[in-house]
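So, here come the structures, one by one.
One chain, chain A, links the two complexes that follow: it is found with chain B in the first and with chain C in the second.
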Partner chain A sequence: MATISIEHASKSFGSTKVLKDISLDVKDGEFLVLLGASGCGKSTLLNIIAGLEPMADGTIRLDGEVVNDVHPKNRDIAMVFQSYALYPNMTVERNIAFGLEMRKISKAERKATVREVASTLQIEHLLSRKPSQLSGGQRQRVAMGRALVRRPKIFLFDEPLSNLDAKLRGEMRTEIKKLHQTLKATMVYVTHDQIEAMTLADRIAIMKDGEIQQIGTPQEIYSKPANMYVAGFVGAPPMNFVEVDLVKREEQLGAILPAVLKGEPVDHFLPLPNSKHLEARENTKVILGLRPEIITDSTSTHSSAPEIECDVEFLEPTGADTLCIIRLNGHPAKARVSPLFACPPGESMRFTLDTHRACLFDPTTEQAIT
Partner chain B sequence: MAEPKTLPGANGKRHLLGRLFIWTLLLAAAVLYLGPIYVVLSTSLKDLAEIRAGALLDLPHELNFTAWREAWSSACIGVRCEGLRPYFLNSVIMSVPSVAISTLIGALSGYALSLFRFRGANIIFALMLFGCFIPFQIVILPMAQTLGFLGVANSITGLIVVHTIYGISFTTLFFRNYYVSVPQELVRAATMDGAGFFRIFWHIMLPLSVPIIVVSVIWQFTQVWNEFLFGASFTSGGSQPVTVALNNLINSTTSVKQYNVDMAAALIAAAPTLVVYIIAGRFFVRGLTAGAVKG
Partner chain C sequence: MSHPQQRKQQMSVLDRLQRYLPQLVVAPPFLLLVFFVYGFIAWTGIISLTNSRMLPTFDVQGIQQYVRLLAMDRWNVAFDNLLIFGSLYILFSITIGCVLAVLLDQRIRAEGALRTIYLYPMAISFIVTGTAWKWILNPSLGIESYMQKLGWESFQFDWIVNRDMAIYVVVIAAVWQASGFVMALFLSALRTVDEDIIRAAHLDGASTTRIYFGIILPSLRPVFLSAFVILAHLSIKSFDLVVALTNGGPGYSSTLPANFMYEMAFRRNQIGLGAASAMMMLATVAAIIVPYLYSELRAKRHG
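Moving on, here comes the complex of A and B:
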């Protein structure tokens, strides 16, 4: 059992507020990812959970017990650092065993536990080496081993994969996920990589300027972003934002989407499904958020969704899909189509817009309209 | 890596001229530095008759160590005719603890100042740096009073105290600047592992510090061993360090100036710093490469 509960945490370095009144609950056995650009305060929040940095204000509870003044070593938390922070003068074995050594666990028991962890991580053959004799991926494993060996109730990860190359990162991601499933421990993971966040998390907390923008499952974050920052941060390529007019035509509320066909501007009327919420906003401007996969070629979809025809300016083939750059309301937007149906650049093609999956945002507050 | 020899124009005439210039300069510098050492060494191996008969730069006829023996154990300093030996031992007894204690304190305070950035750490560091710029002469009088107050005036212990205190500024500077480049995450990781201030220092920081320990030891040993003013001011008679004894030996010769004994005594007094440099210097290079751990 290990839950984390943070209430109204705030912290500043000098005059800059790094955390502004953060409240957050992590359930037992949950994998929570703190996602955000650098400088958003996510690492500071992690350090506060670890006890490595004090907070100016607020309460932190582990398993319901207030631990504001509990020393990091007594919180039963292990942490994996971005630079791995292996002790350069010690062998891998001693690196892993150091935490146990400090906790006065007998030599024989230490040795047995280290062997066990090493075999889980497949680093048994490295035990007698020094960190300088290891590759990046091996160091990463040792750093994980150092955290695992103490069997803590909470694991903290501070961008643990950011120093690895793309292939190793993918492998380690899978391992961490596997580890979480076998250990069923509570884990908090800091990253700026949205793929890591999406693949690993039970829930993601997106942070910006010391504030949590949204907490939710990866699917919620992706399909129902709370605001334009979240919508733009998650997803690659990012969501297209188009400013549109909301109008009513023949009792149907919809958006006027200006596009370009054969060099001439044309306006498309897009009927919007969730009309009830939007009645009040009739004849105002809203921001329409369309993920690239929402705009797709009409040929491969058989739906009643609205279609538009417009010019394709460029193509960006990515292999599995081809991205068509089209122009919506004067700004380039990306549409994800099957490579089989992508038209050559400069010509025009028909796209289907799945308006059920479109997002709408208020142009001034940038919050989602729900 | 570009091999310098294969670079275009690397073997031209201008290159050769440049080389010749550099070699000439180096040779001149070497002669300038080694000349006096040659004279001292060769004179110490001659007897007085040979010194009087021959020229300054002549090689000794034979390897005659009589003067060395005399300087070590029987030359007269004042009224005592025991050579430099007792004073040499004084210097050893004085240097070893001074070097060890000041290096250890420097390591501890450098570690505290760089990796535990407490409030005011930088101000304290700046104040400690002042110590590096205080000339010996300024502190002689207050130091003499302090030593008297502590009851260690006119003793080797007193000199140990003085040299330790004086050395802390330098050793702190060395260690602090070395530890600044040690990643903070290492301390954080050890904290999470349950190690406290001293355990982190002992188990993690000190083993990483071999190169800077060697630097500190070489520096401190050279300073303490070669120091004359404090030794001359705060001790007398039997507790004087070798530098003061050397001065007295050369000044207290009664009848004939025994150049060979003086030279041998000078070499004996200078030998330890040289030995420390040769031995520790090797570890220094080794320590540097061992400390080059990436990440």
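Moving on, here comes the complex of A and C:
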């Protein structure tokens, strides 16, 4: 059992508030990812869980017990750092064993545990080396080994993969995921990489300016973003935002979407399904959020979804899909189409808009309209 | 017709000048260095093999000056003093400097001011340090008389006039001067240590003392080495501090080899003997510096 519960945590460095009244619960065995741009307070929050930084205000409970004043070493927590933070003067073996050594575990037992961890991480052949003789990926594994060897209740990861190259990062991501499934330990993982967050997390907490913007499963975060920041942060390429007018035509509420066809502006009427809650906003402006895959080629779908025809300015082939850059209400937007049906740049093609999956945001508060 | 040709020639002169400019600029200092440092080392080496007295002669006689030197009590005292002074000076300067650096590294208030205070002695010349400490340690002026006036009648601190202890007085003054510098060296190195390492060690359950002695200080090995080399050569060439502080006394109990050399070469008309002692000092410095340079250069080639 290992749960983390943070209530009303706040913290400031000088006059800048890095954490503003954060409350967060992590369930036993859960993999929670704290996602956000640099400076959003996610690493500070992690350090507070570890006990490496004091909180100005608030309580933190591990397994229901308040640990505000408990020393990091007594919290039964292990942490993997972005810089790996290996002890430069010790061999890999001592690096991994150091935590056990400090906990007065006998030499023989230490040796056996280190061997076991080293074999799961496939670093047995490195045990007698010094950190300076290792590559980035190997250091990363040693840092993981140092965390694993103590069998802590809670694992904390502070951007552990951001110093690795893309290929290694992918491999280590899979291994961390595998590790989580075998250990079933509670893990909190800090990253600025939304792909890491989406692939690893049971739940994601998106932070900005010391506040949690939204917390939910990767799918919830992706398809029902709470506000425009979350919508724009998660997903690559990011969601298209178009400012539109809400109007009623033939008893159906919909959005007026200005597009461009053969160089001429054309207004399309997009009927919005399930629009009961939007009645009050008739004849006002809202922000329509369309993920690129919502705007797709008409040829590959056979739905009754509304279609628009418009000019394609550029193409960005990504292999599996091709991104068409079109112009919606004067701003470039990306549509994700099959490479088979993408028209050459400069010509026009028909797109289907899956309005069921579109998001709507309030233009002033930037919050999702629900 | 001749004009362009002339111009071409001029250009080539300029080109050549440009090509050889670095050599031209570096050559005079290089020659001066070779002559005044290495030339005079060689000259001293030759003189040490003659029986020069007031004026140098050049009839090489062999190693008799060295034999004389090693038989002299004055030289042996000076050399023993160097061993005592050098080892204590290096040991205490590094220990105190290191402890000060660790304490200052705790993100304390007014760190900048404190750092300057500790570093300041280094800016004072050895003559001033020596004179000041001579007054402080003088039994009838300094600490001893002060403590006695306070009422501690039996207080004694007369090392500076004590034959057996005078060299330790030199150690005290020299350590006072150098430990701030060592502290600055260590402090700058401590600041480069990755803070995450300290955090990781905290999580691993290590105490702060353990973190410093088990992880951080061992990783500062290169700094220890540079501090050692700097202090070692400072201690071997120490001269003015002794002159100002004890003037080698009482008797010759606190002389160092540099003072011996000066005494012989410039006051007692024993240039040959002075040169021999200078060569002995050179050998001592070389014994420390050469392995250091060797290991440094080797590391660079491998790295």
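Quick note on the criterion: the second predicted complex is superposed on the first by the 370 of 370 C-alpha atoms of A that agree within 3 Å, B and C clash if a C-alpha of one lies under 4 Å from a C-alpha of the other, contacts with A are read in each partner's own complex, and residues count from 1 in each chain.
Assume a residue touches a chain if its C-beta (ideal position, glycine included) is under 8 Å from a C-beta of that chain, and two chains touch if they have at least 3 such contacts.
Computed from a prediction, not measured in an experiment: that's the story for all the values here.
Peer 1: Mind checking the superposed model to see whether chain B and chain C fit together on chain A or clash?
Peer 2: Aligned on chain A, chain C clashes with chain B.
Peer 1: Looking at the overlay, what does A:131 touch: chain B (first), chain C (second), both, or neither?
Peer 2: A:131 contacts chain B only, not chain C.
Peer 1: Which partner does A:39 reach: the first (chain B), the second (chain C), both, or neither?
Peer 2: In the superposition, A:39 touches no partner, neither chain B nor chain C.
Peer 1: With both complexes overlaid on chain A, does A:237 touch chain B (first), chain C (second), both or neither?
Peer 2: neither
Peer 1: Could you look at A:58 and tell me whether it touches chain B, chain C, both or neither (first, second, both, neither)?
Peer 2: In the superposition, A:58 touches no partner, neither chain B nor chain C.
Peer 1: Going by the contact rule set out at the top, does A:82 touch chain B (first), chain C (second), both, or neither?
Peer 2: A:82: touches chain B and chain C.
Peer 1: Of the two partner chains, chain B (first) and chain C (second), which one does A:73 touch, if any: first, second, both, or neither?
Peer 2: A:73 sits against chain B and chain C alike.
Peer 1: Contacts for A:139 in the overlay, against chain B (first) and chain C (second): which applies, first, second, both or neither?
Peer 2: Only chain B; A:139 stays clear of chain C.
Peer 1: Considering only the contact definition stated at the top, list the common interface residues of chain A for chain B and chain C.
Peer 2: On chain A, the overlap between the chain B and chain C contacts is residues 47, 50, 52, 72-73, 77-79, 81-90, 98-99, 102-103, 146.
Peer 1: Under the definition above, what is the set of chain B residues touching chain A in their complex?
Peer 2: Residues 183, 185-186, 188-195, 199, 203-204, 207-208, 293-295.
Peer 1: Okay, in this complex, where on chain A does chain B touch?
Peer 2: Of all residues in chain A, those touching chain B are 47, 50, 52, 72-73, 77-79, 81-90, 98-99, 102-103, 130-132, 136, 139, 146, 163.
Peer 1: So in the complex, the part of chain A that touches chain C is made up of which residues?
Peer 2: So the residues of chain A in touch with chain C come to 47, 50, 52, 71-73, 77-79, 81-90, 98-99, 102-103, 146, 150.
Peer 1: Please name which positions on chain C make contact with chain A in the complex.
Peer 2: Listed in rising order, the residues are 194, 196-197, 199-206, 210, 215, 218-219, 221.
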